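Before any comments, here is the structure.
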Amino acid sequence: MQVEKQFKPKIVAFCCNWCSYAGADLAGSSRLSYPADVKIIRVPCSCRVNPLFILRAFERGADGVILCGCHPGDCHYSTGNYYTRRRMTMLFSMLDYLGVEKGRTRVEWVSAAEGVKFSTVMNNFVAKIYELGENVKLGDLRCKK
Amino acid sequence: MVMTFSYYPGCTLKTKAKELDKYARASAEALGIELKELEAWQCCGACYPQSKDEIATRLSSVRALNDAAREGGVLVTLCSACHHVITRVNRDMALKPEIADKANRYLEIDYHGTTEVLHYLTMLRDRVGFDVIKSKVVNPLKGRKIGAYYGCMLLRPSKEMGFDDPENPTIMEDFIRAIGATPVVYQMRNECCGGYVAMKDKAQAKKNVSRVLDNAKNCGAEELITACPLCLYNLNENGDKAMPVTYFTELLAEALGVKEA
Amino acid sequence: MHNNSDKQKDQVFRMTGVDTRKCMKCGKCSASCPSFNEMQYRPHQFVDMVTKGRIEELMASPSIYHCLSCFACVERCPRGVEPAVVVEAIRNLAERKQGGTYFSPDEVPELIDGTVPQQALVSAFRKYRK
Amino acid sequence: MQEIEKTLRSRCAELINNGTCDKVIAWDRGEFFYDNSPATFACADCAQKLVYDCFCGANLSKYLIQYAKEGKTAVLLKPCDTYSFNQLLTEHRISRENIYVIGVGCDGMVDIDKIRAMGIKGITAVKEDGEDLVVSTLYGEKTVKKADCLLEKCVSCKSKKHYVFDELIPEADGEDVKENGRFDMVEKLEAMTAEERFEFWQEQLSKCIRCNACRNACPACTCRKCVFDNPHSGVASKANADSFEEKMFHIVRAFHVAGRCTDCGECSRVCPQNIPLHLLNRKFIKEINEFYGEYQAGETADQRGPLVNYTTEDAEPTAVSDRGDN
Amino acid sequence: MQRIGVFVCWCGSNIAATVDVERVAQVMKNEPGVVFSTDYQYMCSEAGQAIIRNAIAEHKLTGIVVCSCSPRMHEATFRKTAQRAGLNPYMVEIANIREQCSWIHKDKEEGTEKAIVLARAALAKVMLNAPLIAGQSSVTKRALVIGGGIAGIQSALDIADAGYEVDIVEKEPTIGGKMSKLDKTFPTLDCSACILTPKMVDAAQNEKITLYTYSEVEEVKGFVGNFNVKIRRKARYVKEDVCTGCGACMQKCPSKKGLNEFNLGLNKRTAIYIPFAQAIPNVAVIDATQCIKIKNNKCGLCDTVCAAKAIDYNQQDEFIEREYGAIVMATGFNPIKLDKFNEYSYAECPDVITSLELERIMNAAGPTGGKLVKMSNGEHPHDITFIQCVGSRDISGRGKCYCSKICCMYTAKHAMLIRDKYPDVNVHVFYIDVRTPGKNFDEFYRRAVEEYSVDYIKGQVGKVYPEGDHLVVQGVDMLANEQIIHKTDMVVLATAIEPDPTARKIASMLTASIDTNDFITEAHPKLRPVESPTAGIFLSGVCQGPKDIPETVAQAGAAAVKVLGLLSKDKLVTNPCVSQSNELLCNGCSMCQNVCPYGAIGYEDKLINDHGIRETRRVAVVNEALCQGCGACTVTCPSGAMDLKGFTNKQIMAEVDAICK
């Protein structure tokens, strides 16, 4: 007897090395749990994240992608996350314009001191992805009729 | 070459301040300027409504501005109050969509503050040139010590009026020099004479007026000029009447030799 | 009562667009005011009372008719608070209430002296009654 | 326009003769009367062959990158093309001193497909006649309104003013077109539900055959090597191997030109599948205008694009995600 | 082909309790590219590191993945381990299976699954790693200080004391800056000249310090450790090394109409002049706009009387170029212009003065010989009114939004000094708030009130105007709720201060960022307050923000220490994870240059051989010494010509792919 496989989302979290990755470490050392579906990729700065990476993740079957960086004004590289902010605003707007669920992408500013916030953010984001279910749209924009 | 501008005289200039208007027209003609009175204008409202939700009180100015926009885009004003109201309403139409939208919808027009509002004095300075005026003076008012009374309306708020330095204006002094007289700079020339309470609260008005007049006198002024009918009325009515106060256009006409024309 | 004062505060803000909390209480408005001595509440007090929601008191005060709208305070305020605009908003609130008229046509004849410019009457009507 | 064409021919010949330039980039007659194509004219006599009529939609500025490297080149630019020219200057892709810009007047270019769509068959020639077009066909002449046959990019023309030029033919320049309604369709899409939008784009993008015409015509897509052609980029793809790829291609392309796209409309004009690709770019332009202030790429040659700029008070990405769901 | 080793750490029970470490090691052993995989209780221990070292040698590993705690904890440790075993330290990747896995997940199955995915991602990345070598750059052992006020002098002295060469560039003919104009300093009331001039002399006599006065920075090239600076030495028309400073020329010069800059234009000076008696260098300078000889080729008296023959009317600006390892910005401040504050009648009334002008009037070497008089008629004033916050805390667009910080204290000082010297003079101060944080500051202000009976009035002034011989101040007393019309003899405006206008120009040359008020931005407002985000640029004094003398001196010393820390290094080790530009792909569009916060990207016209096509192209070149590796440029570049070493596009996408598999 085959049990229907339960939906386990694939979620990629890009975290900047100086704030958010450290925030994730703090969440870890404070034992603040969040679902194992989240896998973190460390980048030097949120501005290193090319929209291409996010699309790539969706292309390869990710159900959600979240990008975390230092709070605006606190960037280790002073201005990196300001560019991130504009780029991601544009990318999200485009995805929405194409009719893709908005909730699948998110940007959050998490400082190195915000372990609690990191955990909360991840819990919320994963809950949202469960709500949205499997990502079919991005893989399915081409008409297969 | 004759310069032509739309002209907004305002109601007071048709009644109690006829001299202001009459001499302005005569002088303009002498200077080769055609002032084309807007065909159908109404009272500007005389005081600018500062609250953003006062729309109706702005409409007559909008109408005048819109008419001027279709007639060459420059509107010359003369009375300080009209200039103040029309300039600021014009700015509202350009910069405050919440006001512009309502006004436009009500009047069924599409006006967005494109008209240039020019005070007669600014016109003299920037379009004619005080040096040109000087060259056209036939009857220089030599030896007359004249204080300019600016009042509030032309100068403030300077960010909106953009008329002159609000604390140390010079345009009227330059004008006085151009017509051959001696300007007397006194500190109260930009302080309020209390015109708005000239009727209801004479005591307050009198206090304000004497502050202006005393200062002008102490600084050596023998007469004052103004562009504002309300100031003129108030300075005369609530002052000691020792200091003659006239409209600047009257002196201009006198200097240009067209006063009696 | 508290709710009402909050509502009035909002109303004043909507009318003026002025955030009175920007005031740093330097008093430059009152230092510049030509009607200071005539006013029960001085310009700086106006600003402070609006911040605190004491608008009823201001509406009831004759001070709202003593402001000359000369904009000296607006011009000189280092914080962009525009006290004259605030005063006018409160005057508007008072006048918009029934019976809020400060200046009535019946008063006109006795004030007219033959030289009064139209402008004085028009502005008095515009400014002091609804 | 025939007048202009004549003036252009003689003026270009003159410019070559007097040494102002050694060649002119202009339009040449294509295979059909309606597909005038970019070409270089390197002698005074050849210049007599250049064409300027209502089928000169092609934006010539991009060709300067390749063809104006050496010598002095003259180029004919319509008002809308001048934005692209400035943008290329901004990006140091061309050098101003090597190029002589002749701004040519334009009152809209014609889309042959729109004439055909009116049911007119066997078209042999199209001539302008004031506001009308006289269409000669195998079956006689027909007259249609020119305004009904304009290219999409001309329907929503944003300016008739040249933003850069050395001389203008004719001498009088036009003005910006204030109410051009170019965001109307974007707004319409925005007003749809996400499902409807998805369906719209699914249908449109499914038509893509990855011919790369959009990329090749785009004056902003000027990379020496496109990431999609570069085997080392990790995203190379020559054809659409899986369902996601054409979408990725178009999103990434729109993103790469965001803040640089002048909205010249070439992408949609050249698309053989008639995909309204300009709607992707216009979406970015509209969002940039709304979030970061009005910005027109190529208005001048020294602008700092909105995506390589910031203010500390910029909107958060949540400004997009918190928008109400349609 | 890569040969990768995987090392899974138990971290005691920290990891092993929720992650089946053995299974992780087992699964990873079967991954392509992996030739060795094992687990151990404490990988970071010496024994654990030995396992890694041995495996590297034994299995000829080309790269390793360590599944352990956060890389922020032990990445450096394992890199060193790899290096000791002869492996390039950048061939190490960490899978964080403690903070991101075992510590936050309860379910062992789930934890193990995730640990495997993280290990696979790290593996995917390390497969694409390339050995990186940290770059080195040399350090020129010389510092440049821009600005010769107290901040610049102090920084230079401290640097020179440590034995390093340092040059000061000062745009005025003398060093000393604003402090040299002051009379007394708060809160101790010691004489400014008495404490400053010895420092000026020290600076002049220190053989490690070179002074370039009457000079400006013209151009800056290079980067940390290797700045190349072009300095313009403006023509003095007096040979600096010949002039003895005897002053004979000033006695004879017939052109006496130049405004005396040192006295803020309160009096006149001759065309040839020495700014003040203690000027350093004590050398004359000719004001070419006033000199009759230079203007009309007549006169020449100074040349005639100069025994040293130092005058040279034909002198031209000279340029010198020097190399520096570090640069200190000490460009200082100026009081703002008061042309937007005409309500105070500053322009019209000579008796309305700024506080800095009052310093000159009070100064024994000033225009009045230190006698407090009305500038209009030389009479003794009986009543003086101070107005504070003139242009400070002003968001109307006329002034500055910030508090200028020093005005409250110097106004208290002025009030007190006047009351002390002239007890007959009444002193009033209009204030908004009196801000006196600082050692002995509030006590000082209270003394002005309590001992010297200075009349402090809470409120501002609306208008100042002349009336007869007097001034009238119209202000408000907010506590009494009264409008005040006050007759006074002098009005002193505590004028806001702003960064010197040269700061903006120099900051852009140095690619140092400045804030909206033109103050230079710190690298970190709390933790790196004397450094600019641009490496090798340090901040001293008011160019960073308003501050008083002790704070300025403290910051100047701190900046000097930072400079010394840099200059004491023989080589600078640079982070190898920096951007690099692929010249074949680069379009030369400059977009990356726009987003680089460090000015690390330049453009060069280079001869490129692109598959046989040889042409000169404009291409981006990354200065590895300046690049900090943020990656902003990589995303901006549409062609993918910019990539970040250690975090390449392909590496990150490989991680993405591994996670999404």
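Going by the order they are written in, the chains are A, B, C, D and E; count residues from 1 in each one.
Basically, contacts are C-beta pairs under 8 Å (C-beta built on N, C-alpha and C of every residue); 3 or more make two chains touch, one makes a residue touch a chain.
Keep in mind that what you see is a predicted model, and the values were worked out from it rather than measured.
Touching chain B and chain C at once are the following chains: E. Note on connectivity: the fewest chain-to-chain touch steps from chain A to chain B number 2.
With chains reduced to the mean position of their C-alpha atoms, the one farthest from chain B is A.
Averaging the CA coordinates per chain and comparing them to the mean over all protein CA atoms picks out E as nearest.
Distance between Cα centroids is largest for the pairing of chain D with C. For the pair chain D and chain E, the distance between C-alpha centroids works out to 46 Å.
In terms of their C-alpha centroids, the spacing between chain B and chain D amounts to 52 Å.
Centre-to-centre, using mean CA coordinates, chain C is 57 Å away from chain D.
Shared interface positions of chain E, defined as residues touching 2 or more other chains, are 343, 397, 463, 595, 636, 649, 653.
Listed for chain C are residues 72, each touching two or more other chains. Of all residues in chain A, those touching 2 or more other chains are 51-52, 56, 79, 83, 87, listed in ascending order.
Of all possible chain pairs, the ones that touch are A-D, A-E, B-C, B-E, C-E, D-E. Those residues of chain B that touch chain C in the shared complex are 10-12, 15-17, 43, 45-47, 49-54, 57, 79, 81, 152, 155-158, 166-167, 191-192, 194-201, 204, 208, 211, 229-230, 232-233, 236-237. The touching residues of chain D, when paired with chain A in their complex, are 189-190, 194-203, 205-206, 227, 235, 240, 242-248, 251-252, 254-255, 258, 280, 283-284, 287-288, 291-292, 306-312, 314-321, 323, 325. Listed in rising order, the residues of chain C touching chain B in the complex are 14-17, 34-35, 38, 65-66, 68-72, 74-75, 82, 84-85, 88-89, 92, 103, 111, 113, 115-124, 126-128. Across the complex, chain E meets chain C through its residues 343, 389, 393-399, 432, 458-463, 474-476, 478, 481, 483-484.
Those residues of chain E whose C-beta lies close enough to touch chain A in the complex are 70-73, 96, 98-101, 103-107, 110-111, 113-114, 117-118, 121, 513, 521, 533, 577, 595, 597, 628-632, 634-636, 644, 647, 649, 652-653, 655-657, 659-661.
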